[in-house]
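Same chain, two partners: chain A is paired with chain B first, then with chain C.
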Partner chain A sequence: MNAKSTTVDPDEISHFAKDSAHWWDEHGPFAPIHRMNPTRVGYLKATICAHFDKNVKDLKALKGLSILDAGCGGGVVCEPMARLGAHIMGIDADQVAINAATEHAERSGLKIAYVCGTTETLKEQFDVVLALEIVEHVADVEAFVQSCVDRCKPGGLIIFSTLNKTWKSMALAKITAEYIVRWVPPGTHDWKKFMKPSTLAASLRRAGATPFEAMGLVFNPLKNEFLLSTNDLDVNYFIAATKDQNKEKSKK
Partner chain B sequence: MSKTRNTTPDMHNKPRRSAVKAAPKLGAAKKSNNDHYDVMIIGGGLSGGALASLLGTEGFRVACIDRDAPVTQTTEEFDGRTTAISWGSQKILDRAGVWDELDPLACPIRTIDILDGGSPVLLRFGSEEVGDQSFGWIFENRLIRIALFNRMKELDSVDHLAPAQIEKLEQNGDVMQVTLKGGRTLTAPLVVGADGRNSFTRDWAGITSRSWSYNQRAIVCVAEHEHPHNNVAVEHFHEQGPFATLPMMDGPDGSYRSSVVWTEHCPEHQSALKYPQDVFDAALTARFPDQYGWVRQAGGRFAYPLGLQHAHTYTATRLALVADAAHGIHPIAGQGLNLGFRDLDALCDILIAARDDGSDFGSDEILARYERARRADNMAMAGATDSLNRLFSTGLPPLPLLRKIGLKMVAKFPPAKQFFMQQAMGAGSGSRGLLHDLVREAKTAS
Partner chain C sequence: MVSALKNCDVVISGGGVPGLCLAALLADIGLDIVVLDPHLPTRIKDIRPDGRTAALMAGSVNILRAAGAWELCEPHGSALNTLRIIESASARADFRADDIGLPYFGINMQNNLQRAALYEVILKKKNITFLCPAMLKDFTTDDVGVSVTINENGKEQILRTRLLVGADGRNSAVRAQAGIEVRDHDYGQMAITCIINHSKPHDNISTEFHRPGGPFTIVPLPGNQSSIVWVEYTADADAFLKLRRDDFERALQDRTENLVGRIEMVTPPEAWPLKSLHAKSLIAPRLALIAEAAHVLHPLGAQGLNLSLRDAATLAEEIADAARSGLDIGSHATLHRYEFRRRADIQTRLMGTDGLNRMVSNNIGLLRTLRSIGLKTIDAIEPLRRFAMNEGVVPGYDDSRLSRGENL
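Our next item is the complex of A and B:
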């Protein structure tokens, strides 16, 4: 891991490293991630397919696309993406998480390139860059968003997801999830690092991407499931953006 | 593994499957390992075979493991049972790609007669009341098995391993592993137990079930009769429990046939199972409506104890139970099967959705969806049928009288009749009833 990196927050890494061996325990510290995952992957798949004109119904709908998952953790998103046919690379600054991810992918028979490091250290560009539930954990948001946009091919797709900075998110994602229902270990989130969609969208624009959609992810306690919502962005939300075409070489 | 190609021309889904097969292996499970599957099904009978065919048709790689050889399961001596396939089950068999083969072998039910005690016909339910559809179709179980075995053979994505002895089943991190006698190992992220009432899979997972017996047994046999059945099914309520006849296709020699489900409530030594042949035939003739003429038993007599069984949970880590392995209504006449088929349909849909999301088929999240989808339905059925059975299987004078009065009254009021039909048929044969599903589903379909 790159110690000089501007985007890695060492406190965050040590917080997660404690639990990294439990990434794949559906009832462990990452339980909410597992619970939201089908809905989350469903949204990612639909958005990616729409952007690249792929048929969502195909068994390998993401075939032929290269995807970077920045802050991949134990590979909870990488694996479904790989099953859907994508060439996927997962990168995370936490070596323990990368080890857990690598081992798990091997056992599941999935081909995924896992790298321990930060997005700034990568050279290649991808059709899609995902930064899911990670921007609220990085030290320098501007630099992280810039490096994600840099890793995306012009015209490609960038999808962020994070927690909104609202009283509701404070109440639900921080207090309820960490201290009351104890879905996640206390200290998982620092509410001050949560971001309003407008703040994140502005960062993306400055980095050379154009946000085109915001989508909320809402927990429904009756169904015990996460659902997508176009109008409730108060807690978890996605922002999808396209990377602006370079002026010198425009493909289309 | 070697696959025997089916010799019959293939009319199902060929292009689709070859498309699936031709898909590049980018990031997909290692196909070099032939023994890695999407799903391993333990049990290859009606439910296991149907699930394998359903999933195989949808392009899943499936291993279906059965300890019995197909040929022993398709003889007339195997169980002598018939199944009333409801509308819902028909759709599922169609989805599994076997209905085209089964359709010509099906005997449709066009009329259902409900009788009480020794009285003449009290309620007649004709197919014209449900838009001229049949109420369902009667099959010999073995014919459904043959169709399913053929289908599994035909599907490239299904390996039907039978006879095969399971030496060991183990959970190995995120995969389930089966070791067969002879040393071959198979792996998959999910194991489905479709191995019936005495499920090995359920016991292996340590899942307990609640069960109780009705102190009734069902005698099942095929009967030949003098006159045609005219596609009528009869449910005759006796104090000992219902006596039902289901119209079958004519025998190979042109004989008229019905399937009999005779529920009795007596010590074993008094059972009709022990009757000498002439006594048994006479008893059949007496219990059949007069218009059938003489009746005699054809083939074997089989007895099944009636009881209810419900697993405390349908799932464990990387494991799901379906059909009789999860819930036994009673093992006769296929109403349990119709209920079990709905498990298969639900599981298939959930796995398709999981595949769409790129999810791990054996993850708790996916299994929890299955449990949620099926438990309420199966529970409601078991509870309702239990109390109805208690009401109807009694010799106490007021109850049969009430039933009779009730039946006569409701026969005059069509809405009440429809409602009561459901109830009456729900009570039949010790549980939800032979014909309950058929009527309900025929109505929905019409």
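Our next item is the complex of A and C:
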């Protein structure tokens, strides 16, 4: 871990690291991630396919695309992306998570490049940069968003997901999930770090990307699953953006 | 001797109609499938008359069409346009499919035909390996896959897969080895089946006589041919089965009350005991049960195979959705959704056919009277008729897109 990094919050890392060996236990501390993963990964695939004009029903639809998953944790998004044919790199500041991810991918027969570190240290650029459920855990949001945009090729796709700063997210994602139904360990989220979609969109624009879609991810207790919603962004939401073409040129 | 490890996405133990149907559906989306079965299916050109038949409802027809097998089956089936229930000389009711806006209630055909048609389909698919004669020996599950030891033609080999499907029938070895318990019930009844030719046309009417030992049903097949499903208490059934051919034919003639004219047997009578069974869970880690490995129903109401095909379709949908998102198709998330979607349909069919059988298979005077009144009431009151018919053929708990005629 890079101790001087501006984006890593050491308290956050130590909070996750104590559970990181259990990333792949569907009933363990990361159960909610597994529960939302089918809907989440479905949205990612559909959005990436639409952007790069790929057939969404193809089992290897992401073949030929390079993807960076910033804050990959145990690799629950990296593995689906690898199965779909993408060249994927997962980066996370938590060494325990990277170890769990590397070991799991190896046993599953999947080729994924895992790196322990932060996005600022990377040099290469990717067709797609994913930053899922991570921006609410970093120390310097502006620097983190900038580094994600910098890792994306001009014209490429950047997808963020995070928790909205609303009373509903405080009630559901913080209090209900951590203390009442105990989906996640207490202390997983700091509500002060939650972001409104407009705040995140503004950061992306400043960093040289153009947001084009916001999509809510809503838990439906009757169906016991997460569903996508275009109008309810109150708790979990995605923002998809394209990396601007000219920003890169003006830098050079 | 154990040969080298073979990798695939799904191993399906059991190549009956539901197992082959699942294989055909999954192969179409690009997954690698291995199917094992101890018995080779008959080729379609070698099909002989066989007394085991089933009426396929519209949803099942859609599922078989999606699997690519329906075109081969269709010429051999006969539509059931009217269901006639005869309680006594004075109490009978006709239910017509067009009254509830359906072209038919079901299409009746031999079961071995559907299997043969599906076999033709899977022979053409490069990503399906059909191992036969082959049987599952045992399996070990870990967090990323299953290692399945099989015996193929006397040789042992190990298959490495992400998901094991038990489609291996009522005595499922997959179910037993997974330690999934069953609840079962013996009805003390036998079903006697055979195929008959008859001199009068059946007019696409399926006729069900309610008799004390159980229902006696004439189910249309193409031409002047029908299948007989005769449910009888075990002791009585044994006595009938001991009859000489011409005496048995006479007994049939007697029971059909000359509705279809003179009867001639095409196949000898076969009989098997009627049981109901249901597995306490449809899933275990990296394992799913479908069809009779998960549930066996009383034949009354012709729900069994239709329910089994809906299992295959729903599991295919869940696997397809997971695979298309790059998810682990054997994960608990995937399998849990399959079980969640199937539970209500299976429960209601099990309870429904069980209750129906208790209602009709008896000679209790009061129940007979109530049945007559009930039948007359249902027959006379139009909304009740529609409700009764709709419940039987358009299952309220079926949410399979394949059975609605949509694509996988």
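Operating definition for what follows: the second predicted complex is superposed on the first by the 246 of 252 C-alpha atoms of A that agree within 3 Å, B and C clash if a C-alpha of one lies under 4 Å from a C-alpha of the other, contacts with A are read in each partner's own complex, and residues count from 1 in each chain.
Keep this in mind: a residue touches a chain if its C-beta (ideal position, glycine included) is under 8 Å from a C-beta of that chain, and two chains touch if they have at least 3 such contacts.
Note that the structure is a prediction, hence the values are computed from the model and not measured.
Participant: With everything superposed onto chain A, say whether chain B and chain C fit together or clash.
Facilitator: clash
Participant: After lining up the shared chain so the two structures overlap, which partner does A:87 touch, if you call chain B first and chain C second: first, second, both or neither?
Facilitator: A:87: touches chain B, not chain C.
Participant: In the superposed arrangement, does A:112 touch chain B (first), chain C (second), both or neither?
Facilitator: In the superposed model, A:112 contacts chain B only, not chain C.
Participant: Contact-wise, after the overlay, does A:26 reach chain B, chain C, both or neither (first, second, both, neither)?
Facilitator: It touches chain B and chain C both.
Participant: Have a look at where A:11 lands relative to chain B and chain C in the superposition and call it first, second, both or neither.
Facilitator: Neither partner.
Participant: Between chain B (first) and chain C (second), which does A:63 come into contact with in this model arrangement: first, second, both, or neither?
Facilitator: A:63 sits against chain B, while chain C stays out of touch.
Participant: Pick out the shared contact residues on chain A: the ones touching chain B in one complex and chain C in the other.
Facilitator: Residues 24, 26-27, 34-35, 37-38, 41-42, 45, 56, 59, 79-84, 104, 107-108, which sit in both footprints.
Participant: Flag every residue of chain C that touches chain A in the complex, lowest number first.
Facilitator: 29-31, 143-145, 321-328, 331-334, 337, 340
Participant: Please name which positions on chain A make contact with chain B in the complex.
Facilitator: The touching residues are 24, 26-27, 34-35, 37-38, 41-42, 45, 56, 59-60, 63-64, 79-88, 104, 107-112.
Participant: Contact residues on chain B for chain A in the complex?
Facilitator: Per the touch definition, chain B meets chain A at residues 20, 23-24, 26-30, 33, 36, 59, 173-175, 189, 353-360, 363-365.
Participant: Would you tell me which residues of chain A are touching chain C in their complex?
Facilitator: Counting only chain A, the residues touching chain C are 24, 26-27, 34-35, 37-38, 41-42, 45, 56-59, 62, 79-84, 104, 107-108, 224-225.
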